[in-house]
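You will see two complexes here that share chain A, one where it goes with chain B and one where it goes with chain C.
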Partner chain A sequence: MSAPAELARAVEQLGATVPAPFEHPFAGAVEVRWIAPGRLPDACRAARDAGYFFESLTCVDRLAGQGAFELIYTFNRFESSASSRVAWRVWSPAGESVPTVSTVYGAADWNEREVWELYGVRFAGHPNLTWLLLPEGTEWRPLLKSFTAPPASIYDDSQSVVPDDQPAHS
Partner chain B sequence: MDRLAEEASPWVRLAMVDDVLNLARANSLWPLTFGLACCAIEMMAAGASRYDLDRFGVGLFRPSPRQADLMILAGTISRKMAPVIRTLWDQMPGPKWAIAMGGCTISGGPFRYPGEYAIAEGAEKFMPIDVHVPGCPPRPEALIAGILKLQDKIKRGRRLERAG
Partner chain C sequence: MTNPPIPDALDTYTLNMGPQHPSTHGVLRMRLTLRGEEIVVAEPVIGYSHRAHEKMAENRTYAQFLPNTSRQDYLSGVIYNFAWVEAVEKMAGITVPERALVARVILAEFNRIASHLLWIGAFLLDLGAATPFLYAWDDREAILFLLESVTGSRLTYCTGRFGGLSKDLDADFPRRAREVIAKLKGRWGEFARLIEENVIFVNRTKGIGVMSRDVCLSYGVTGPTLRGSGVAYDVRKAEPYGAYPRFEFDVVTRAEGDVFARYMVRALEMRQSVRIIEQALEQLPDGPILNPDSIGVRKRLKLPVGTQYYAVESARGHYGILIVSEGGAEPYRAKFRTPSYPNLAVLSEVMPGHMVADAVAVLGSVDLVMPEVDR
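Coming up: the complex of A and B.
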């Protein structure tokens, strides 16, 4: 049995399920499993123990405006040259937080900050859930399907910071 | 005195001290070591041996804003970076000048579109700019042209009011 298949079998012990054919197939991974949010740290630990590194975390706003998100965690390993990427899909219902996996994979720390600031998904137990790419204090979530444009104030030239200085020198 | 200057002008140049100072300033610019995005690669190329900014007295990139009098804004400015750049600019002692290199620092460039949320739409939103060098990115020759234009401006002792 190949390594990805072994890992997939291991996480099925944690209640992972295979996505149905109609559930937006995720291409690019040889094994894809749905993971319940509560079992996510365990599933990530299983991947780590099987020699996988954390590749990426991405988020999809499937139900525009409903506040529910799909998170996709991908893992890969150096040992085999054949395709070996596995993906854990997690459904985060509206208003609920997802446990952080930064305690398992340190590399997930910034990925979770990015998903939080761009989508608003809360990661429970994250050590430092603050803005990474956007200015501190940004309140809107630009990657939501419902997002059209930032508030007008940040485009307001009258608020722009700087007056022309005096001539280069006198 | 005016008449004397007029009569002597073909042979004697009665320069104001400022003119001399400006000549010195223009030919000894100290840029800040400072790259923001891909334009910085062209800026580094301009500083290296092939294009050799040292020929124009601009080659000594300083690592501290306290020692620099020219800021070459080379690359995309994110909204998060804008206040940092403004701080660096404020830390530079005057007289000082700024060159906006590339479309992003001039107007936001390719990142300017409705709903754009992360990029500052031009450096002039938050600091004064002396010379704009368009391009995406501008070639080193274009940056050199911009620097020559800036030197021209400094020698004249005022901001350029028109091109040429």
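Coming up: the complex of A and C.
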């Protein structure tokens, strides 16, 4: 059990933090640190050892302006009487993979699968990086800003080929 | 992760529970690998009601997204609606009149009781007890009728506005609310005799589906499911929001961590919600229900650049909203951290080792709402 400030200091001493790649205020967390992608498992292990639970993983598409994804991991404590949220932010340039933390937190398994299917960010070492919410085999990444719409024929029955001798609707 | 490897394809078989199964409460598929009657591997398959709320949020103004909120968790609609409103208010710096703050607590707690009542009814029905369902439904109906008189809706509430509520509580509301509370209180003894002292229910739920604190921590399990494992974590206490700090209530916990403990936590939590409502009705101040300054800006509200995390306690646990704003009238990114998502994911750890008949009890005990898992 350690306070957010102690955890943040411990992660800094691990050498896992990096300078902010851009300025963007973050509210709602006590401690916010930018973590080197390669050191993310170490930073998450430190949170786990300090008694923090895995709260959320959010991916933000910043490809258009900055050519990278921003990943936001938040952790919290069960015991806290005041808010003790910490946030690890990871800057992941397009095309590069991020190490999985599913070996540290069970919750990361589904969260990473979701980010992969919706954004295409690969999590190296994930045991089962497959579709979670979308149909198996989906090839588009719907939460990318560049995404418009899937081909209409995929799920629209009216686009399917109906044999001539059968009326489409009676 | 700790699931044992499937030993031999000839030794085991796969059973698909769902996606159309009466006890999955929405479209969920549990892919169970069984050896005889024993569950070896349990894998939840989700996504059947994925509607891309997070994508929709990026294409709507903050006000336009309001109707989406209560469609994520249709049983905590009021709470989800207010969570979005409060997250935006926090970023925009909109102040809320006192009367609206207290009214939000009253409506949210009634919504929480209605959700727990539905769960008790449906869960007991899963276990083969039809009578509690009728009692619970009767009580829930009284609450829905009360909420309808304020919000105009029975399920998909959309009464929150940036800076207050869309409609004021009428002068007769406190009387009707107290009537509903009296009705609820009259049932508590009956529920105890009908359910907690029912030997079939007790034998089917005690010692089943035990979750340890460590497993809950690994998966981020929250809400009554976590409190049934002896952890007193409640966002209303940990990160007090709205008018909650001024009301006295206890965080109900049970140490056992089994299905019965989760039942007891929800049953006793309803009494704490009643306690909060009674205090709130006493303290309900007069005054405006909507901040008059916010009325003009709410349609084309633009939030300052930045990221905001905001959390509330829904009927199922920690509901978090993360809004990334780039200064526009629409969110650049909105993430919804829903409580049933980890509460379902953890079942792949909890279910193995149980008999297939217990799968229904364990699955029901975490109180899933699938549209909230899939979003």
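Quick note on the criterion: the second predicted complex is superposed on the first by the 143 of 170 C-alpha atoms of A that agree within 3 Å, B and C clash if a C-alpha of one lies under 4 Å from a C-alpha of the other, contacts with A are read in each partner's own complex, and residues count from 1 in each chain.
Note that in this section a residue touches a chain if its C-beta (ideal position, glycine included) is under 8 Å from a C-beta of that chain, and two chains touch if they have at least 3 such contacts.
For clarity, every value in this text was computed on a predicted model and none was experimentally measured.
**Q** Taking the superposition on A as described, I'd like to know which of chain B and chain C A:133 touches: first, second, both or neither.
**A** both
**Q** Where does A:60 make contact in the superposed view: on chain B (first), on chain C (second), on both, or on neither?
**A** second
**Q** Is A:96 touching anything from chain B or chain C once the two structures are fitted on A? First, second, both or neither.
**A** A:96 contacts neither chain B nor chain C.
**Q** Once chain A of both complexes is superposed, is A:142 in touch with chain B (first), chain C (second), both, or neither?
**A** Touch status of A:142: both partners.
**Q** If you tally the residues of chain A touched by each partner, is the higher count for chain B or for chain C?
**A** With both complexes superposed on chain A, more residues of chain A are touched by C.
**Q** Could you say whether A:83 touches chain B, chain C, both of them, or neither, answering first, second, both or neither?
**A** Touch status of A:83: second partner only.
**Q** Of all the chain A residues, which ones make contact with chain B and with chain C?
**A** In chain A, positions 131, 133-135, 142 sit in both the chain B and chain C interfaces.
**Q** Can you tell me which positions in chain A touch chain C when the two form their complex?
**A** It is residues 24-29, 48, 51-56, 58, 60-61, 72, 74, 76, 78-83, 85, 87, 102-103, 105-107, 109-110, 127, 131-135, 142-143 of chain A that touch chain C.
**Q** Under the definition above, what is the set of chain A residues touching chain B in their complex?
**A** Residues 131, 133-136, 140, 142, 147-150, 154-155, 157, 160-162, 164-165, 167-169 of chain A touch chain B in their complex.
**Q** If you look only at chain B, which of its residues touch chain A in the complex?
**A** Residue list for chain B touching chain A: 25, 78-80, 82-83, 86, 94-97, 114-118, 121, 125-128, 130, 153-154, 157-159.
**Q** Using the touch definition from the top, list the residues of chain C that touch chain A in their complex.
**A** 1, 46-47, 50, 52, 54-55, 90-91, 213, 215-221, 226, 231-233, 237-239, 305-311, 318, 320, 322, 324, 332-333, 335, 337, 341-342, 345-346, 349, 374-375
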